[in-house]
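What follows is a single structure, and I will ask about it in a moment.
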Amino acid sequence: MNHADIAWVLVSTALVLLMTPALGFFYGGMVRSKNALNTLMMSFVSLGVVGVVWALGGYSLAFAGGHALVGDLSFVLLRGVGLEAQGTVPHLLFMAFQGTFAIITAALISGAVVERMRFSAYLAFITIWMLAVYAPVAHWVWGGGFLAADGALDFAGGTVVHVNAAAAAVVAARVVGPRKDYGRHAILPHNVPFTLLGAGLLWFGWFGFNAGSALAANELAVLAFVNTWLAPAAALVMWTLIDLVRGGRVTAIGGATAIVVGLVAITPAAGFVGPLSALAIGALAVGPCYAALILRARTTLDDSLDVAAAHGLGGATGAVLTGVFADAAWSGGTNGLLFGNPSQVMVQMYGVIIVLAYSAICTFVILRLIGLVVPLRAGGRQEGVGLDVTEHGEEAYTGGDGAILVSPDVAARAAAAVRVPLHEGGRL
Amino acid sequence: MKLIIAVIRPEQLSDVLEALFRAEVRGLTISRVQGHGGEMEHVENYRGTTVKMALSEKVRLEIAVSEPFVRPAIDAIIEAARTGEVGDGKIMVLPIESIYRIRTGESDRDAVTPVPS
Amino acid sequence: MKLIIAVIRPEQLSDVLEALFRAEVRGLTISRVQGHGGEMEHVENYRGTTVKMALSEKVRLEIAVSEPFVRPAIDAIIEAARTGEVGDGKIMVLPIESIYRIRTGESDRDAVTPVPS
Amino acid sequence: MKLIIAVIRPEQLSDVLEALFRAEVRGLTISRVQGHGGEMEHVENYRGTTVKMALSEKVRLEIAVSEPFVRPAIDAIIEAARTGEVGDGKIMVLPIESIYRIRTGESDRDAVTPVPS
Amino acid sequence: MNHADIAWVLVSTALVLLMTPALGFFYGGMVRSKNALNTLMMSFVSLGVVGVVWALGGYSLAFAGGHALVGDLSFVLLRGVGLEAQGTVPHLLFMAFQGTFAIITAALISGAVVERMRFSAYLAFITIWMLAVYAPVAHWVWGGGFLAADGALDFAGGTVVHVNAAAAAVVAARVVGPRKDYGRHAILPHNVPFTLLGAGLLWFGWFGFNAGSALAANELAVLAFVNTWLAPAAALVMWTLIDLVRGGRVTAIGGATAIVVGLVAITPAAGFVGPLSALAIGALAVGPCYAALILRARTTLDDSLDVAAAHGLGGATGAVLTGVFADAAWSGGTNGLLFGNPSQVMVQMYGVIIVLAYSAICTFVILRLIGLVVPLRAGGRQEGVGLDVTEHGEEAYTGGDGAILVSPDVAARAAAAVRVPLHEGGRL
Amino acid sequence: MNHADIAWVLVSTALVLLMTPALGFFYGGMVRSKNALNTLMMSFVSLGVVGVVWALGGYSLAFAGGHALVGDLSFVLLRGVGLEAQGTVPHLLFMAFQGTFAIITAALISGAVVERMRFSAYLAFITIWMLAVYAPVAHWVWGGGFLAADGALDFAGGTVVHVNAAAAAVVAARVVGPRKDYGRHAILPHNVPFTLLGAGLLWFGWFGFNAGSALAANELAVLAFVNTWLAPAAALVMWTLIDLVRGGRVTAIGGATAIVVGLVAITPAAGFVGPLSALAIGALAVGPCYAALILRARTTLDDSLDVAAAHGLGGATGAVLTGVFADAAWSGGTNGLLFGNPSQVMVQMYGVIIVLAYSAICTFVILRLIGLVVPLRAGGRQEGVGLDVTEHGEEAYTGGDGAILVSPDVAARAAAAVRVPLHEGGRL
């Protein structure tokens, strides 16, 4: 056991935990103000639901036992997960560190269904998805499953986290359907500074995500850390240049997106490539993501906050480029295409495709099953009024105008009345 | 000269603007307001506090037009703003005594006639 | 009694207020509005979405005045709000039937005459 | 038909709404405005910059009513909005030429009469 | 001296310091916009005032000497507080770490008096309260005082920080009196995203609060850390379920509150209980706090941001549950009720009651004394206009409309004029 | 190589990186909402541009070789910057840690030119300034250059970062010219809570800035850390007292400024002085900065967010006070005036003046050169409309009113049309 490694993994776990509120702000700034709380809560609630599900069973399915496809139940209810060392840090800490990854992966998906999905359906979805999709996929790559055995490189979760979430996002956007205004009216971000705040905090937290994945405060962590600094910087520069060339105007939403794209792209590669390669990966990932963002908006796919374009394509590009730039001289491990091992690119693609397919299919099935029990989306009127009021009974920003205090006894009756659809017939 | 004041649902604003532009009504001023009418109130909760929200979000349009445009403007708004549900809003027509274009100081009819470009 | 409604550029507000105060016009109510007129529209981009912004920020003043102040107020506004470029705004004059000061219940002329301090 | 425009203190809004509802006035539109009148100005400091704030927060109500409701509405507002201190606000009454309910296209008196539920 | 432990305690101190701005946003989002700066400043100013008071004398009263009731003056002006080791980290660092706890405790109280208390009275209050209440209480539990001797367990300050602040808050709310609109008009949060931001940053910082209290990057820190992750997660899930059952609507303010309640409840227990117990403590603390929030709003006690319901009840519940769930198998220390030591529950209750009583009585006396010198609350007109303008001479959000620049010489005269009561007679 | 030191420097690097987004919010809250994104982006884009420039060449110019005036090119493209130890941490990590300093220094300058400078000119400026000014100055003090040889003390960059940036800021404000409304209309902060958020996060990050500069988790780091806690606390108290004495109203913008002033002032001294001296330095720095803020606003120098008053004067005062309070008993190094070495004050002043002069002159030349190629400032109309719309094609806060969705093919044409000056002639 090494106190220095413990210190670093403690910090990293806190940093990754912070990424989920950060994601809430990154996403929340981009929706209309009438859905700001709904969007924020989709991230925040994952901190609770997925955290608990992970401790109770998800961790076991992902990391217990050595089967190829899924973990066993030996760590259920944290049995046997104690303070004894695993590597150089306590097992319990490893469990928590991995748990924070699970939380943000679920929250990422919400970007595809904001402003219309019912909150209760979303809660059911992330609970089941965690056990049925995330845990097995994490097992394949990190828990001793078949993708690890096949040699797929995924340092901190480009495939497990980003490709996985993005595949689910696309399917969820299709199954839930587009927002009723989508493509007809302009739907603009209500608070771009929040999106920048989210991007800034995401970057900060991502150092824990990538460099913490070394699970020690060693040279590998340093390499991953510096790459996590350089790739988004390169992505931001590249995005800025494209913006300048295209219209002369460097957008802030674009800047925030560039940071995330750079971070996503370096995630699978962080501990496998040198710093110059990190610059290259950050810059190269921008092209496809930038194009995808523009093209997606012309389709009928209302992947509202572009989970597929930013995380899916970013993650896939990063995974493939890991196969190109991996450099044993830095990592002491596998080489990639540029260093004489062209086959690694294929292995990387294979990993991406498997995860993509599994996640997409399962997501489809899970959503359809939930849809049998409870409607997946809010009604048209609810959508018009905004989900903050209809699903959460609150507004993000109130002036208090026209709010009439309800006395406690009246409140009880009123709470019942609330379920009557809004605007439906009858006078006061 | 008349002043048309219309209160509509925010989600209908795009449609209304388009309809007005099609009716050759080119000058208008809008603001965000809150309205109370026949709409169902809704209840919100903030910790232990329960409140009834008596006001709904609306958009208010103010359009000064010369006589021949009054009817077309009203028709355009009613057409585009109607959803058929309680809360669609109201249109009022008020008399204007005089109107000035600040840029030129022109008054009355000239003030609302677009200069040919 | 008349109600003067003026829509002006936000950046001219300070100058207009000053001009009005100089013209002894002391009571007024303003609000932030958005206007559409002859101004050039501008285009914004949010990720893949391109939008045309048809509205520009304006400030709306509402000033109730008794007859002798109508002309001075209008002149003060036109003077101070004019930049000479499209989008300077409009001034409308509407008839008021009656007006009340809430504090005292006084009505009409008395309602807009400042009490001597 | 008249249009009642009232400018009141924000903190009196709840009371005014209640008073209006009690007077059977059920339709209205409000907006946040800023007013200048006899109120004391206040000074704010932002680093080296000192500014005098000439405007105070107010709420503006716009209420279209048929003749019989004009007086009751005005009385209700004066009653509920008065604190007796400078800055309580003003009420104006303007003539309306016609009014339409967007949902149904009905006009004039019908447009402001609540449908029986 | 151990560099790894130093690294972890450095990080923890920074994290706890961040909690006070975070609290400012948690609180600031819940008030009306005309009091947003006042509420934020009540937290921020504690960073200055309490920090300085702590270094000059508070630390000495809390941690110097071995008396049962209060420390001596041997560390006044930081005499003798240097870089030599105390445990495995320098004494100076320990002093700073403890100082950040003092800062947030004072700031917590402000939640009960926002939107009406005069800022200068508040400044006087936290200065005196720090020396007269916080320092002795910290001494009792952590500085070698009588509560430690009696065996009361308080890992990171459930009693010292939360119960202590909450008792003061209730008394302060009573002495200062309710806001004039309280119970008559609806007083709604002006910016719920700020409250969520605060909750997210509080959670992040709380890892330093609890796991930093191990004062080393060891297994104990890991245990406290993981418990600090699990308890709020469980609280959030429980709160969400209650919200769903009661009205079908999961509120964001509720979610933010649940996170804080879970964090408060695990604070005294963090290093004494196992992870499953942490889940239980988080979930169990929700019941009383949820009920208290609802009931409090029906009383005349304008504990405006519910310091008592969230921190007081949460802290007390956590303290008692520490006596239930304490497990020597995890901590190597004391067992609780469930592990064969039922008397620990009584010891815990005893600690809570002593602190509660002492804090309440002293707060009452301090406020009355200050009230003799300077009015405790702003006048009714000031409250109507909002304390941002009247107490701070600023507005949180300005459009700049109607702001007339005052030329320097005029400014001087204007500054004098400002003290004339607002709205008072006379025409311009 | 020491894992504990690596852990601490990893954390510190992440903390310093976070300071640039934090600065964006500190600055962004103080401008008008029509320029909020422009101001935020001036900070955020530095994360990309300066980060990349630093890795490609800036680091080499600052830290390669032992020349007196500037580094050589041996580290260009990160050649030879690997995972081998430099001190007790990998060289690559040292490079990244220093890079985050470069990023924020460039971003600091933006405070003098917000709301009017063209974004593309700003991009060119920070790129060139980084290589021509920052890198050499860093070399002088930290890279083995002549100021280090002369014995100038600058623990974490009071001169290199703050005086340097402030000198550039004053010149930039003059060359670019004042905002057209400056001195005529009141220009008020649109979101003071953002400014407080920025101040809170800056303080948090500054622990990495100062204590991380020890490059190890040792006693020196602890000393620097605690001083970084105490100095801003003292500054905040002092500022509050001055506000109370002057007008009875404690401003929030003032509080945020006080925190930054205290942080800036302690930066050069952090590892050289004892904790009581830190309190003194924090308190003493307030006087000149407070006065400068008030006087500056009466001049024609539109240093819009007071980079000179807060960072320049704060940094210079701190540098000189370092020469007064430096205490070998704490640092094991140089003594200052109070401890028998009066000459140190002169050395400190000398360092400040050299950097100030060099930075001012170079900044003037760079801006004039850029001005030959591209106009430095936006046109008057653009400034009226706000730079968010004209330079970035976005608004910070949109309600979506009047936004008409442009279909893809139309969009292309529209994008072209956009370059037609706004408001210019012609009807729709």
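The chains carry the letters A, B, C, D, E and F, assigned in the order they are written, with residues numbered from 1 in each.
Criterion: a residue touches a chain if its C-beta (ideal position, glycine included) is under 8 Å from a C-beta of that chain, and two chains touch if they have at least 3 such contacts.
As the structure is a computational prediction, the values presented were derived from the model and not from experiment.
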For subunit B and subunit D, chains touching each: A, C, E, F
Interface residue identity across copies subunit B, subunit C - same or different by half: different
Winner on C-beta contact pairs when A-D is weighed against C-F: C-F
Distance between the centres, which are taken as Cα means, of subunit C and subunit A, whole angstrom: 49
Chain centre separation (subunit C, subunit D; CA means) in Å: 18
Residue numbers of subunit D (touch at least two other chains): 14, 17, 26, 30-32, 34, 36, 38, 44-46, 49, 51, 54-55, 85-87, 94-95, 114-115
Where subunit E touches two or more other chains, by residue: 2-4, 7, 11, 184-189, 191, 197, 247, 249, 251, 253, 297-298, 393-395, 399, 401-405, 408, 415, 418, 425-428
Chain contact graph, described as a line, ring, star, complete graph or other shape: complete
Touch list for subunit F against partner subunit B, complex: 399, 401-404, 425-428
In the complex with subunit F, residue positions of subunit A that touch it: 2-5, 7-8, 11, 15, 32-33, 183-193, 196-197, 199-201, 203-204, 207-208, 211, 216-219, 221-223, 225-226, 229-230, 232-237, 240, 244, 246-253, 255-256, 258-259, 275-276, 279, 297-298, 330
Of all residues in subunit C, those that touch subunit B in their complex: 2, 5-8, 31-38, 54-55, 58, 60, 74, 77-78, 81-95
List of subunit F residues in touch with subunit C within their complex: 181, 184-186, 384-385, 389-390, 393-395, 401-406, 408, 410-411, 414-415, 417-418, 420-428
Parts of subunit F lying in touch with subunit A, wherever the complex brings them together: 1-4, 6-7, 10-11, 13-14, 17-18, 20-22, 24-25, 28, 36-37, 40-41, 44-45, 47-49, 51-52, 55, 77-78, 81, 83, 89-90, 92-93, 95-96, 99-100, 119-120, 123, 191, 194, 197, 388, 391-400, 403-405, 408, 415, 418-419
